[in-house]
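Naming follows writing order (A, B, C, D, E, F, G, H, I, J, K and L), and every chain is counted from residue 1.
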Amino acid sequence: MKIHIINGPNLNLLGRRNPEHYGKLYFPELMNQVKKYAEEKGLQMSCFQSNHEGEIIDDIHKQLDQIDGLIINPGALTHYSYALRDALEILEVPVIEVHLSNIHARESFRRTSVISPVSTGTICGLGVKGYFLALDYFSLSNQ
Amino acid sequence: MKIHIINGPNLNLLGRRNPEHYGKLYFPELMNQVKKYAEEKGLQMSCFQSNHEGEIIDDIHKQLDQIDGLIINPGALTHYSYALRDALEILEVPVIEVHLSNIHARESFRRTSVISPVSTGTICGLGVKGYFLALDYFSLSNQ
Amino acid sequence: MKIHIINGPNLNLLGRRNPEHYGKLYFPELMNQVKKYAEEKGLQMSCFQSNHEGEIIDDIHKQLDQIDGLIINPGALTHYSYALRDALEILEVPVIEVHLSNIHARESFRRTSVISPVSTGTICGLGVKGYFLALDYFSLSNQ
Amino acid sequence: MKIHIINGPNLNLLGRRNPEHYGKLYFPELMNQVKKYAEEKGLQMSCFQSNHEGEIIDDIHKQLDQIDGLIINPGALTHYSYALRDALEILEVPVIEVHLSNIHARESFRRTSVISPVSTGTICGLGVKGYFLALDYFSLSNQ
Amino acid sequence: MKIHIINGPNLNLLGRRNPEHYGKLYFPELMNQVKKYAEEKGLQMSCFQSNHEGEIIDDIHKQLDQIDGLIINPGALTHYSYALRDALEILEVPVIEVHLSNIHARESFRRTSVISPVSTGTICGLGVKGYFLALDYFSLSNQ
Amino acid sequence: MKIHIINGPNLNLLGRRNPEHYGKLYFPELMNQVKKYAEEKGLQMSCFQSNHEGEIIDDIHKQLDQIDGLIINPGALTHYSYALRDALEILEVPVIEVHLSNIHARESFRRTSVISPVSTGTICGLGVKGYFLALDYFSLSNQ
Amino acid sequence: MKIHIINGPNLNLLGRRNPEHYGKLYFPELMNQVKKYAEEKGLQMSCFQSNHEGEIIDDIHKQLDQIDGLIINPGALTHYSYALRDALEILEVPVIEVHLSNIHARESFRRTSVISPVSTGTICGLGVKGYFLALDYFSLSNQ
Amino acid sequence: MKIHIINGPNLNLLGRRNPEHYGKLYFPELMNQVKKYAEEKGLQMSCFQSNHEGEIIDDIHKQLDQIDGLIINPGALTHYSYALRDALEILEVPVIEVHLSNIHARESFRRTSVISPVSTGTICGLGVKGYFLALDYFSLSNQ
Amino acid sequence: MKIHIINGPNLNLLGRRNPEHYGKLYFPELMNQVKKYAEEKGLQMSCFQSNHEGEIIDDIHKQLDQIDGLIINPGALTHYSYALRDALEILEVPVIEVHLSNIHARESFRRTSVISPVSTGTICGLGVKGYFLALDYFSLSNQ
Amino acid sequence: MKIHIINGPNLNLLGRRNPEHYGKLYFPELMNQVKKYAEEKGLQMSCFQSNHEGEIIDDIHKQLDQIDGLIINPGALTHYSYALRDALEILEVPVIEVHLSNIHARESFRRTSVISPVSTGTICGLGVKGYFLALDYFSLSNQ
Amino acid sequence: MKIHIINGPNLNLLGRRNPEHYGKLYFPELMNQVKKYAEEKGLQMSCFQSNHEGEIIDDIHKQLDQIDGLIINPGALTHYSYALRDALEILEVPVIEVHLSNIHARESFRRTSVISPVSTGTICGLGVKGYFLALDYFSLSNQ
Amino acid sequence: MKIHIINGPNLNLLGRRNPEHYGKLYFPELMNQVKKYAEEKGLQMSCFQSNHEGEIIDDIHKQLDQIDGLIINPGALTHYSYALRDALEILEVPVIEVHLSNIHARESFRRTSVISPVSTGTICGLGVKGYFLALDYFSLSNQ
């Protein structure tokens, strides 16, 4: 089972920005841990990060027919990128939206996700564990 | 580690109502599976269901200082029960809000949760697996 | 043909509260008249009243597969009880929502019913005759 | 007791338009059935249909002091015709607004009635039976 | 100087409807008084009343290049008839909107006039004197 | 018959500000013309202008039981001075609100008058003639 | 292939009203040009104009089963005539809504069309060419 | 003079929850102090607390014709319980709504009280002294 | 303990305006009673009234470091005077906002207080007793 | 006459995504047909597609002074890209916005176009024929 | 070049109020520094402060034709004083609005300025340096 | 002291677009003037322009720990780019938002800046002088 993880704008700086919301772990380190966890669960994992909406959409197009599931943390694109939404809607595999912080307990604009209506489900507020749980979802489906 | 699960109004009829949203598993059966999963992960689990807002608040008050984590699927109370919100706010342990269906892809009133701002995090749209993942969260914290 | 009537909060005090809106007939007396009318029309009628949202939901669950039609006057729960709405949505028989007063000619919050979208239909503003007409509906269907 | 029934725009095509909402009975046929029912109940019934707001207002003016009750299905005028509302407000007899479909379960604009605040009451979602029940209301008052 | 007066829906019943808002004078009587007043001021006056939006628009089209000023009491069309607004916008003479009652002290929908932005000015709340003052406006301009 | 005219903030500069909206006549000159017109109509007229909300309220208090009618052009206080509204509400004589420009054809905030609901009526968009017509209203009442 | 064109209120005055928005061509002249264009494309064309909502609805009812496509420029009815919307919804042929001016670049109320959700498509802002393009649409379908 | 005090959901945990908003005094202790204060003022006082909306409504019904005044701190029911509002509306004695914290300086949903329009008055933000002042109100009336 | 009372616009006319909302007691008489009550409670009391927002702000500035508590009835300034709000925010003593009428049961604009978020607390709807209770608050704090 | 066509995000996957909305034709194939059609009409046509807002803006800048008309299908950028809007506003040639599906009959966010106010006109809901009609517009202008 | 600076309500207490927003410098001291800075830049500077909206308007009227530029920090009048706005609109010289704190990062009501649409420009969030930069603007224009 | 200036979409065409809003100076020329001005003030200045949101975010990431202050004119990204906002929030140096035109006097969407809440301050409406004043801010801080 092939799972692809996409991280949106500014997530490459994880660990620098608002540590009270996102924890102190740096991004490349985190993705390594996530990959290791995936492998333990018998999942094949790839990942992609970009600060460019267009590159993320291009990357989603490349995954068509190549993956069994997508995990996406769209960063702030969550709140306005209808283009990203349209791209995700074309995929025919489960899509899990992950947010590290509890977007419902922060600024009001963060409560609107234009992505959620086209996701299979959402995990938010559980920090970097959100990625692990999203993998667990696929792992449970795999059994 | 003691985890308590609360299920709100109408969840006792799970499996009868909107099977396309919630799956076909009946409620008591489901809670048994969840309990078994918890035990495999080394967690102690209790659960409570009620169609009465007041009984759920009473039950939360009883858990004060007794549990290490709460998983709650508030059912439709999600959308208006500020009294439930106040009760959860008193708890000092992590609270995970679980919704079986993707509330963002249904009627617009389901997109507002008065509970989320006082939860630690939310898992939604992942069906009954949502309970398992919520337990995984505590299990990962436990390691 | 079995018809069940549910009356929500404060309707037990009918005749005391705002007589200009609801008429001067006392509640138990009214339910007796309604029952008599049902029998004349060849319908079997039971009824339930409670000031507790939870008890009303429990009662609806009990009616599953037991009745041929439901008449409900949800009182003020009309305006916010999404839990009641979810309970009614599970029933597979026609549900008629009755309001004694014309809710469109009173305070603005009374114009919103969270129940109506899951009801078969609504009768409002016709006073206690609303119950009689709702029974007529089932009686006409019965012919 | 004289009862007048007014049907607004497009109701003359009843049976052609959205049969899933309005049933398959054609309009002239329906009005005949309604008239027969009225006579059985000892009521004298006349009726009028027009696609012109102005003609409906003229017709209401003609009914002043001539009728004991009005039943009106304003069709889509329900949602914006303040002129119709003003005309109805002049009448001094009970006015019952009838909608065949459940306007609360359709497009959101259909949830607003500018007519309801000046009606005595409303019957909606009960199909063509709505006309029969409205006549029952006057018949019950007549006893 | 030729002045035309248009009265919209239900104004023909003036004196019957809400006497507390509009005074007890009947409509034809009123228009006679207004005409007499106009003549005393040296103005030539014609008038038109209809309950049909379309007839009022047709009448406005007929006045093109025929009149020096228009006084219009659009009745409830005030609040939604964008078609009437478009018709008035074509006229190149001053248009005075008259409302007998103070629309700002009644139901909230009466506070919105889609006509006002294309009128020269508005006189409201001054009862039937509103027509006299509107004529005074043209009479003052005439001097 | 004693009529008092109050002019609010910035009206003392009439003739300087936005001549396209208000005409080119200077303020003191205008008030003289208005006074002369009043006298011709057999009315006794006084007037007051201030840029201070508080002074205007003090002035209204002084008029209590001294005048038979008030004409007020509240300037921009129209849109927010609830204190002015409360002061006007105490007066027991007719109050006519005058606006020189058509406030419905300008910026959207100018469409809201917090004063109108407590005025007898409003004259707007008719330029300085608005003052003359307001006097005509009292003159007609006087006959 | 039979195509019917309906023009709503005030379009009969095309060429007189707001020439900057609608061009200088007079209406009857325009309809002749459109008809000639239709014939060149091998389409049979009829047309109807009225300032009366009711007459337009009556005309649509007459076209049932008689035409292969409808082109409608509803004029200001676009913004509020739900009755027209209901009439169009009954037609089973493609309906193209045409607006001569760019309604998105004018007053904000012109941005709402209650007709669009039941049209096949919309052409706006392209002046009288909009009618020609709408015919092209049917002509392309015809090939 | 008999005064009844009702405390809503979660107030039984007073002293545990948000001490910065509500002070450190525990609930039973507080009610004892309030009772003592009432007696000093010559008032007879009873009290009731529940986390169940339904039980509070039942309790209000029991007080009908038994008390001279009601003091109610509805807790979070303040913000949505129209059923509680209807119950209070039936009482014919003064009702004082008390909130310990300043609800205007907290989350925005706390600024809406559906109870206030049917209360005699409100005391908020004055901590537990709010109960004492509410008793003073009745004591002053008693003199 | 020094307490200062500020009364805003139109309160000097108390007893003349809307007696059904504010009682029949005249203003100077009332302030004397309030002062006497304060003295009985061992409090030193001064007071100020003005119809000028600016004078009230000047007066608040004068009280800086001179008083132990402020009682303010801002009259209609409550609803829009952010300048008053800023002035109150500078004071470091408790500020109690008093409204004589129940602002929640009147016009909707009266439900918004821009002052409340910077007040310690609010007493409203309890008539002139509101001033007495506000003094009691300080008296209780004083013990 | 040189016409440039720009297609926004996800349109390169046309034929894969929501075939019920957009038809089954694949994108490169479609653009070839459109080009052929343009040539038949004597127009010179170029085209550009990108999933990157920035690249589309760069491309528009390159067209300055090079083209006689622009046809743009902005995809989901329609709903939020004010940057694209600013870019289009600089062009001095006609801009036609094309949408394949009827955006008024889909999700509500699709009803808002930030592009339309700066377009010459819009063609929507007419499927891939929309491109052909847009070319017809230029062809007709060319004659 | 003559520059006038106006400071609105509560700015006289600068240094006392919210030092975290406005810095610790006292007001008279600050104005001296600003004046000195102006002189260094070759500008002639006068200044005025008042807590009275009316006095500020009077002062603006006095500046007509006397100054080359205005710098205004309207304090809280920013958010509601349409009268101040109208006064500024009459001035024919550049007007720069200065706010010491970043009004966009504070309470939501502070984000609305009714003054900005009639100002030349705005400088906010840069503390007392805002005054210096506003002078720089005129100094640069002066070169 | 190192200052970096970022210019967003379409600013490279400055001088071509809406000269009435932005002045006639071409962009590269302007940046040279700004740089020269910075050097005169003893500041080291670099700058970056892009039409790509993603490239701007990448550029901000590169500036981390490299600069002492940022000046940003985000162009239309101001109104929706939450991703840009998140990027700016990570920077620990002062950020000044500059807008050449007075965004409060143009289309209403331009009044919302999602960037302002995370900026230190804003300078708008002062044309290209805005850049000079922003540099002055740093220069004054530098002294």
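The criterion applied here is as follows: contacts are C-beta pairs under 8 Å (C-beta built on N, C-alpha and C of every residue); 3 or more make two chains touch, one makes a residue touch a chain.
Quick caveat, the model's predicted, so the values are computed rather than measured.
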{"item": "Chain I reached from chain E - shortest hop count over touching chains", "value": "2"}
{"item": "Number of hops, chain E to chain J, where each hop joins two touching chains", "value": "2"}
{"item": "Common touching chains of chain K and chain F", "value": "I"}
{"item": "Copies chain C and chain D - rotation angle from C-alpha fit, nearest 5 degrees", "value": "180"}
{"item": "Self-contact between copies chain E and chain F, residue sets same or different by half", "value": "same"}
{"item": "Centre-of-Cα separation between chain K and chain C, whole angstrom", "value": "63"}
{"item": "For chain H paired with chain K, centre-to-centre distance based on mean C-alpha positions, whole Å", "value": "47"}
{"item": "Chain B residues counted as touching two or more neighbouring chains", "value": "52-55, 80, 117"}
{"item": "All touching chain pairs, where touch follows the definition stated at the start", "value": "A-B, A-J, A-L, B-C, B-H, C-D, C-H, D-E, D-G, E-F, E-G, F-I, F-K, G-J, H-I, I-K, J-L, K-L"}
{"item": "Interfacial residue positions of chain A with respect to chain B in the complex", "value": "96, 102, 104-105, 113, 116-127, 129-130, 132-133, 136-137, 140-141"}
{"item": "Chain A - residues contacting chain L, complex", "value": "8-10, 12-13, 16-18, 50-55, 75-77, 79-80, 107, 109"}
{"item": "Touching residues on chain K, where the partner in the complex is chain F", "value": "52-55, 57-58, 61, 64, 80-83, 85-87, 89-90, 114, 117"}
